[in-house]
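What follows is a pair of complexes built around chain A, which joins chain B in one and chain C in the other.
Entry: the complex of A and B
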């Protein structure tokens, strides 16, 4: 096999490019600000990452089918208010967590129903629920914020086991499950098939509607889970929880090499994308102390990465 | 009975009819509660508030007709407002209004053109481009304004934006003019017909020799220009320019376009529906005020607007299904493309 052949067939280009970018970023950071690269500090700073990371998993699956979910951030607002209201009225943390997950799942199911049963474009569905969920959160809470959930609860997001934050274990578990699901189960393979050609998948006998419904419901459930960690981290539940998260999550997934048209991508790429976004954000806000610069960088990164992938066109295995 | 139902469904399929009925219904209910709702001042206020949305929605509608989307108009409006404020305010760079305003219009058009170029030449999906720009431009605006508000806009501009010719503010007149121009583009120029052709079938349009690149570039540039125009005529109405200006505006505009019956899959939609839905959605806040639900009720505005889109898309599906004979045809629901309507589905005037 000649080198050119090898270059053409090598299946991991995408991950290599992302890895090189990440290494490049980290070495630049290391030169500019050596303290930044300390492992302990990084683990401590990783707290900002886990909610995004959890949301990025279902987002990857949804984008793989050629859909999109813009409502995840708003869904978190709704879940946070549900959590706060439940805690204020019952005082039970376990019940509040359950309600939070239920509300999230219900919201996701509404998305799923509209996308799969009513056959409305996911972009429109989730744009509508994006406004509806956030509006419901603002309406029911009336701008009030709920807090004081106790020290034990805030340990959930802030605590460490063997030097690693607790949410990291949760994320690792979910990520591995999702990766195995995508690569090893029939319905996981159907997700790619839907992204490639939905009609053909339907004709091949897969229950596309049910699968899509489940994916959006799963996304809602994960929004509920992310909310619990978010609330635990800030010890506050407010209607504005998760504002703007959808952008960061979609950016991470797209930068991670999942095609926005569906059918291409994997969880591994998303994890690398998440790390890249996370480190960029940390570095930018550390170095220049300007919050606005961060959103400029993320927005440009999103557009830039897609432009880049148009040019380099990596070969893909599915 | 059956014939009656048929007629009812046929009428409801015209999005405009449903919207007019809804507007009348809401107006009737609210004016029963508080007759002050029908007051000249209130009606004029609704018109004034809908003006910028109408102006921008004309552009976004053309973008959606070509099967693309633009969700960056809110941020763009903020950036242009900041730019305008910095240039012509007598507390800032003190440039003449006649330099500042054309520059703002030019910048808007250029940014629209850039968006279009990224979508067509860069081949990046428009939802991703405009989602990225939404955040990037918002960040740039905050950076540009440095956390300060801008005031001290020229008096003549502020007066014009409040009371223009014939007692109506400049914004309303601009909206009317933009509506007429857009309607002419849609129905009476090859350009408009080509935009719809491109949206109905990208492939056939290319095969007939239309340039998708040029058509989409036009749609995005037009949106950018109209956003700048809306900024110029509407922003001076406020005493000062804040950096949060226009946030959520993109959502409102897209909502209006979708509720107005423009198909997100492209190629179908009428300006009349868009204008009516702008008025309906602009009425939400004043209606809540007149129903006297107070501060608490106004927090529900966003939820109500979101519900409107949901209702619009659900009725769309239900009505189109009942037209196809009631039974749901599972096998035909495979593609994401909207079910083609009958021959009247085009942009008939």
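Entry: the complex of A and C
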């Protein structure tokens, strides 16, 4: 097998490129500002990442089927208001968390029902629910913000277990579950099949509608989970929770090598994409102290990664 | 459409034949595919070259950037005795805070040993403020001066910064009690309330003027406004002016306008309107102007000079009350530096503030104290 042949067949190009980019970034940073690589600081600032990371997992699965979920950020707003209202009326944190998860799941189920049973394109469905959820959140709360959930609760997002932030355990658990589901279970494999050719997957006997419904519902559930972390981190539940998250999450998934047309990508790539974006952001705002520069650099990173994949043109892999 | 897209992304021989078999008209698709393949080849060639150039350029600029930064950014915690002070406004890019930053920079230049970082969210999102505080904390800056947009949201980040050895103070707006050492308070309720009454009496022609006045506030629950009203009521009782009513239009410009129109119609002996929020002040002035009462009914209150310039020029408003924002930024940086050096300590009752002279400290509030009155004579000197 010639080298060119090997390069063409090598299935891990995304991961290698992302790994090299990440290593490159960290080494440049290490030279420019060695203090940046300080582990304690990195762990502390990692809390800017966890909500995105949790949302990126279901987003990867959905994009793999060729779909998309634009409503995750708005769904967080709705969950946050549900959380705040519940806490204001009952004073129970556990109940508030439960309500938050339930509302998120219900919102996701609405998406799933419209996509799978009504056969509307997910872009349209979630664009509509994106507006609806945010509107519901703002209308119900009238812009009120709920606060002071106690020190114990804010430890959920800010605290550490054995030197590792608590949300990291949650993310690791969910990421491993998703990765195993995707690679080891029949329905996980069907997700790739749907992305490649939905009609053929239907003819092969898979229950595509049910699978899609479950994926969007799962996405809603994760929005609820991310909201709990988010509310805990800022000690505030307000209708504007998660504003603009959907775009950042999709960016991370696409930078992570998942094809927006579906059928190609994996959880590992998404994790690398998340890390790359997170570190780039931290570095940019740290080095230049200009808040707006972050979004410019993320945009450039997205364009750059797409061009790069175009050049390398990875072989088709499931 | 979808099929075309998928074909572009997959672009492999088996897929193409597969699809052709199931497709009703394979021919146009196949032609399209040929074009797509050509475009793809062309794209990868040109993009490959462009990327190579881009990477080289990026590397070069990175290297040049590095040397720049090595000289500049060595300060956080460094041995050069230079203090890094971060000034976090509620919103970056509005005239009010930009003028504060001007004063802050002047203070940093005057002190010489201060590196000033002025940055904040352009949309006023308090969550971004919290993340910026966390980032600065990890950077190991010396002092963070916060103008919190929502005290609860930034409280945890501020406490954490303090736990990790960063000095935190608030300015312009106060934060949660135990999350900061000092609050640089631009003006007390006493000086603002008294200042507005004094300005009104003076503008109407002296202490012997009689007549009715009204207050147009914000919400009935607005803490700042209520504190000022508590000062204004007894102050007005000492004059011959008669406070007939207080209106609460909320932070709503059209409601403020309507409320002002109502009181003008209702009280024929009305001499003056206090518009005590940045919304109700221009609203009340607008109402007086629209009803052709400019000069007969005077409006005064709290706002920025640029917003009120028009009304001052046409005589509807004679005095605009605010504080000197440039001095506020200046005082904040001086206090921050002094705290970092250990010269300013809790319990102090005065603070020596450079060109501003000695400033009083009440509890943990450093008072800028004096209000600034903008009139037709001086309003053009200020641009914010």
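Operating definition for what follows: the second predicted complex is superposed on the first by the 317 of 318 C-alpha atoms of A that agree within 3 Å, B and C clash if a C-alpha of one lies under 4 Å from a C-alpha of the other, contacts with A are read in each partner's own complex, and residues count from 1 in each chain.
By our rule, a residue touches a chain if its C-beta (ideal position, glycine included) is under 8 Å from a C-beta of that chain, and two chains touch if they have at least 3 such contacts.
Computed from a predicted model, the values in this text were never measured in an experiment.
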item	value
First, second, both or neither for A:15, with chain B first and chain C second	neither
Which of chain B and chain C A:123 touches, first, second, both or neither	first
Partner chain(s) touched by A:158 [first = chain B, second = chain C, both, neither]	second
Chain B versus chain C as contact partner of A:298, first or second or both or neither	first
First, second, both or neither for A:139, with chain B first and chain C second	first
Touching partner for A:307 - first (chain B), second (chain C), both, neither	both
Partner chain(s) touched by A:254 [first = chain B, second = chain C, both, neither]	first
Touched partner set for A:285, first chain B, second chain C, both or neither	second
Contacts of A:68 with chain B and chain C, given as first, second, both or neither	first
On chain A, positions contacted by chain B and by chain C	66, 199, 261, 290-292, 307, 310
Chain A - residues contacting chain B, complex	66, 68, 114, 118-121, 123-125, 127-136, 138-139, 142-143, 198-199, 202-203, 208, 244, 247, 250-251, 254, 260-261, 290-296, 298-303, 306-307, 310
Partner chain C, residues of chain A touching it in the complex	28, 31-33, 35, 38, 41, 44-45, 47-48, 66, 145, 147-148, 154, 158, 196-197, 199, 233-236, 240, 243, 259, 261-264, 282, 285-287, 289-292, 307-308, 310-311, 313, 316
Partner chain A, residues of chain C touching it in the complex	2, 5-6, 8-12, 15, 22, 40, 43-44, 47-48, 51, 62, 65-66, 69-70, 73, 76, 92, 117, 119-122, 125-128, 130-132, 134-135, 137-140, 150, 152-153, 155-156, 160
Touch list for chain B against partner chain A, complex	69, 71, 118, 122-125, 127-129, 131-140, 142-143, 251, 254-255, 258, 264-265, 296, 299-307, 309-310, 313-314, 316-317, 331, 333-336
